[in-house]
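First subunit A sits with subunit B, and in the next complex the same chain sits with subunit C.
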Partner chain A sequence: MNLDWSIIPASAGALAQGALITIALTVLTMAIAVPCGIVVALLRESRFTPVAFLATCFVELFRNLPIILVVYWAFYVMPVVLDLSFSPFVTGLVALCLNNTAYNSETFRSGIRSIRKGQTEAALAMGMSEGEAFRKIVLPQAWRRVLPVLATTWVTLFKDTSLVSVIAVGDLAHTAMQIRSQTFRVIEMLTAMAAIYWLLGYPQAKLADWIHKKFGVTE
Partner chain B sequence: MTLVTAAAVSESGSATVLEYRNVRKLYGAFVALNDVSMEVKRGQVVCLIGPSGSGKSTLLRCTNALETIDGGEILFDGVPLPKDKAAIRKVRQRMGMVFQNFELFPHKTAVENITMGPSTVLGLSDEAARERAQVLLKKVGLADKANNYPANLSGGQQQRVAIARALAMEPEVMLFDEPTSALDPETIGEVLNVMKALADDGMTMIVVTHEMTFARRVADHVVVFERGEIIEQGPPQQIFEAPLVARTRDFLSHLGWNA
Partner chain C sequence: MDFNFEPVLESWRFLADGLRITVLLSLSVAACSLIFGTLVALARRYGPKWLRAVLIFYIDSMRAIPVLVVLVWFYFAFPIATGINLPPFLSALVALSLNLTAYVAEIVRAGIESVRPGQVRAGLALGMSMPQIVRKIILPQAFVRMMPALGNVLTLTVKDTAIATVIAVPELMRRADAVAAQTYAPVEVFTTVMFLYFCVIFPITRGVDMVYKRISFLGRS
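Right after this comes the complex of A and B.
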């Protein structure tokens, strides 16, 4: 077998840029999908049934579609049907956010539901409004409980961002594949890609483990 | 010891703080409260006793509108409980509530649990709220536990913090919903002592309890519930020594109390 590892240092700059885009996609997706997840969770719990129904439809739709399909949909269908067209990066971001918002809303919903009703009642009994009781009493406790789940979601998302490479977002996966097809250095590039994903992903997974340990259910 | 920091003075100054007129509460087809009428006067300690599920706690929860009633009226300081949310919040600020399971906020320290109400609802400055909390913690005997989280307090200590938390709003009435039912026997006394001191200070209190000795010693008026109805009410001497209703005697003798 004829291996030429020099292709790796030669493409270091491009790979680094790809890795940065992967990280940016992960961070931005979570930054958007966490608050959106809380909102959708609240809408699902709404006493106004049509709102709750629509929120449920949203969650069940995007939770049960493969991400790659949502990515294709955002790229090919969204511009035609909704007349919305963005750069590949933003298109990929939209797809990841739709999927992650659905997941996060379920995470938050179970977290919020796990807080005893008595906690809200104690807050109401001292004269707080329902909004205050939720923000000051329920959400902080729910947040702590869902943090380990969010950490796991984060780690999964980091790897799943590679799916947006199919619409030519210049993320790590796409960049590596581009170099591969230009240089025919398949083994070298796949190995480099694996190494970079692993090296970046491992500390995140360890951090998630630590969060699990620190914030795992206590009471 | 003085537990009431501010004088519990009503807005109208009337002697009757709470009046229940033919109160009815349904859960579906289940009648939780039926035709309940009673009165709580300023400075009185009223104990609600009776078997589990007889409606005592429900009445307490209706008093500060955690539950809505389906018939009759509850008058607080001469005014029927409002329907409007903002008005209900105003009423709740004037009532303190202590729960069976304490319901301290586990993500807040003891002192933060107490400052929460005054700073969020009454708009007190952090400093003033903290000062008030320290005074109250001292009064319930927990000055040294200010920075403990609830998880690091015993049940009795948690309930004393919960009482301090309710008092921090300077309520006119304190509602106790089986405050010692979730406690280990050895910590019940410390909570009852705090409640006794509060009563001695002249706080108006409604106490749902299974502690008959406490009711006998501290109550001014005892109300006996059975299946959502009041079967007898009167001074503790009557209820515990010469009940007029046979079912009151039956209930008490089940608890090992012989009139």
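Right after this comes the complex of A and C.
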């Protein structure tokens, strides 16, 4: 077996671009899915039952589906049913956002619920409106509690971005697989792909551990 | 817009067989990762120092690398590197187990650490050996406490088997893709498959919750 590692430096530019797209997907998804998650969490707690029911359906549906299926669905079905057609990148982004919004909403819901009722009542007694009480009293406290969970979600999301490669988004996995099939340097390319993911993911996993230690709530 | 579910109905056997393979793969992966995950956690906790370092490196690496990458590497690169050719199903079994073992090991470790050290000392004072204490005192309590997390891993397993489609394991996702491509009815096919996956995963999530509520008292100390 002869290995030719010179393919890695030769395709460093393409790989770097793929890695950038992977990172961009992670950051954008989280930037969209966190606010959406908070909104869905609030809708689930809504006093208006149909709204709460619909929000629950949304969360339960996307929490119980494989992401790769959601990606396929967003690619093949969404353009037909909703009459929306996006570039592969945006399609992948939509799929990841749908999935992560569901997860984040559960995270935020438990975070919001962990803040005692007395806090909201005290805020209302001080003359704050409900919106103010939520924004100024509940959310800042809940935020700190959900941070470790969000960190874990972040690491999971970073790994899950690799799944959008099946719809030809030019992320790291797709780029590496493509170079593999063009050059037939299978071992070199796939090992390089794994190594790059490792180099990017390992510090994030460690950082998540640190956040867990620092902010984790122990009972 | 009209929907035509005929292609789905016509190939229902093909899809049902895919579902069978999905379930089979999920159960095999779950069993393997539960066994090996427990062993890894125990080795990490009670094993020699060098082994501990190796296992921590393995666990953290698996937490950092996407499942897709492990799957693809195992299917395409591993046979060339070693000369061992595995069929897609076995490759998926090995790769997914390799990945999920790390997660189970972390859960089992947390479970073991949640049992107070006083219990180990009490066991030692009663004249039990360390393996006896692990088997009779620590693991029974730890497993009850780990149930919700292990239930999560089980749903994660079913979801991860869908990724095995990229290495052509003929499971539900792969077959859905094939039927959708042949019949030009992606909307109906993918929606049906979505429903099928939901029907498999949702009861697991709920079932684990329900069982845990029933038996959670067993884990109290």
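Just so it is clear, the second predicted complex is superposed on the first by the 217 of 219 C-alpha atoms of A that agree within 3 Å, B and C clash if a C-alpha of one lies under 4 Å from a C-alpha of the other, contacts with A are read in each partner's own complex, and residues count from 1 in each chain.
The definition used in the following text is that contacts are C-beta pairs under 8 Å (C-beta built on N, C-alpha and C of every residue); 3 or more make two chains touch, one makes a residue touch a chain.
Everything numeric in this text was worked out from a predicted model, so none of it was measured.
In the superposed model, A:25 lies in contact with neither subunit B nor subunit C. Contact comparison for subunit A: of subunit B and subunit C, C touches the greater number of residues.
In the superposed pair of complexes, A:127 makes contact with subunit B only, with no contact to subunit C. Of the two partner chains, neither subunit B nor subunit C is touched by A:7.
Within the superposed three-chain model, A:38 lies out of touch with both subunit B and subunit C [touch as defined at top]. When the shared chain is aligned, subunit C comes close enough to touch A:66, but subunit B does not. Within subunit A, no residue touches subunit B in one complex and subunit C in the other.
Within the complex, the subunit C residues that touch subunit A are 1, 60-61, 63-70, 72-73, 76-77, 80-81, 155, 158-163, 165-166, 173, 176-177, 180, 186-187, 190-191, 193-194, 197-198, 201-202, 205. Subunit A meets subunit C in the complex at residues 1, 60-61, 63-69, 72-73, 76-77, 80-81, 155, 159-163, 165-166, 173, 177, 180, 186-187, 190-191, 193-194, 197-198, 200-202, 204-206.
Only residues 64, 66, 85, 89-90, 92-93, 95-97, 99, 101, 103-107, 116-117, 120-121, 151, 165-166, 169 of subunit B touch subunit A when the two sit together in their complex.
Here subunit A touches subunit B in the complex through residues 116, 118-119, 121-129, 132, 136-137, 140-141, 144, 218-219, going by the rule given at the top.
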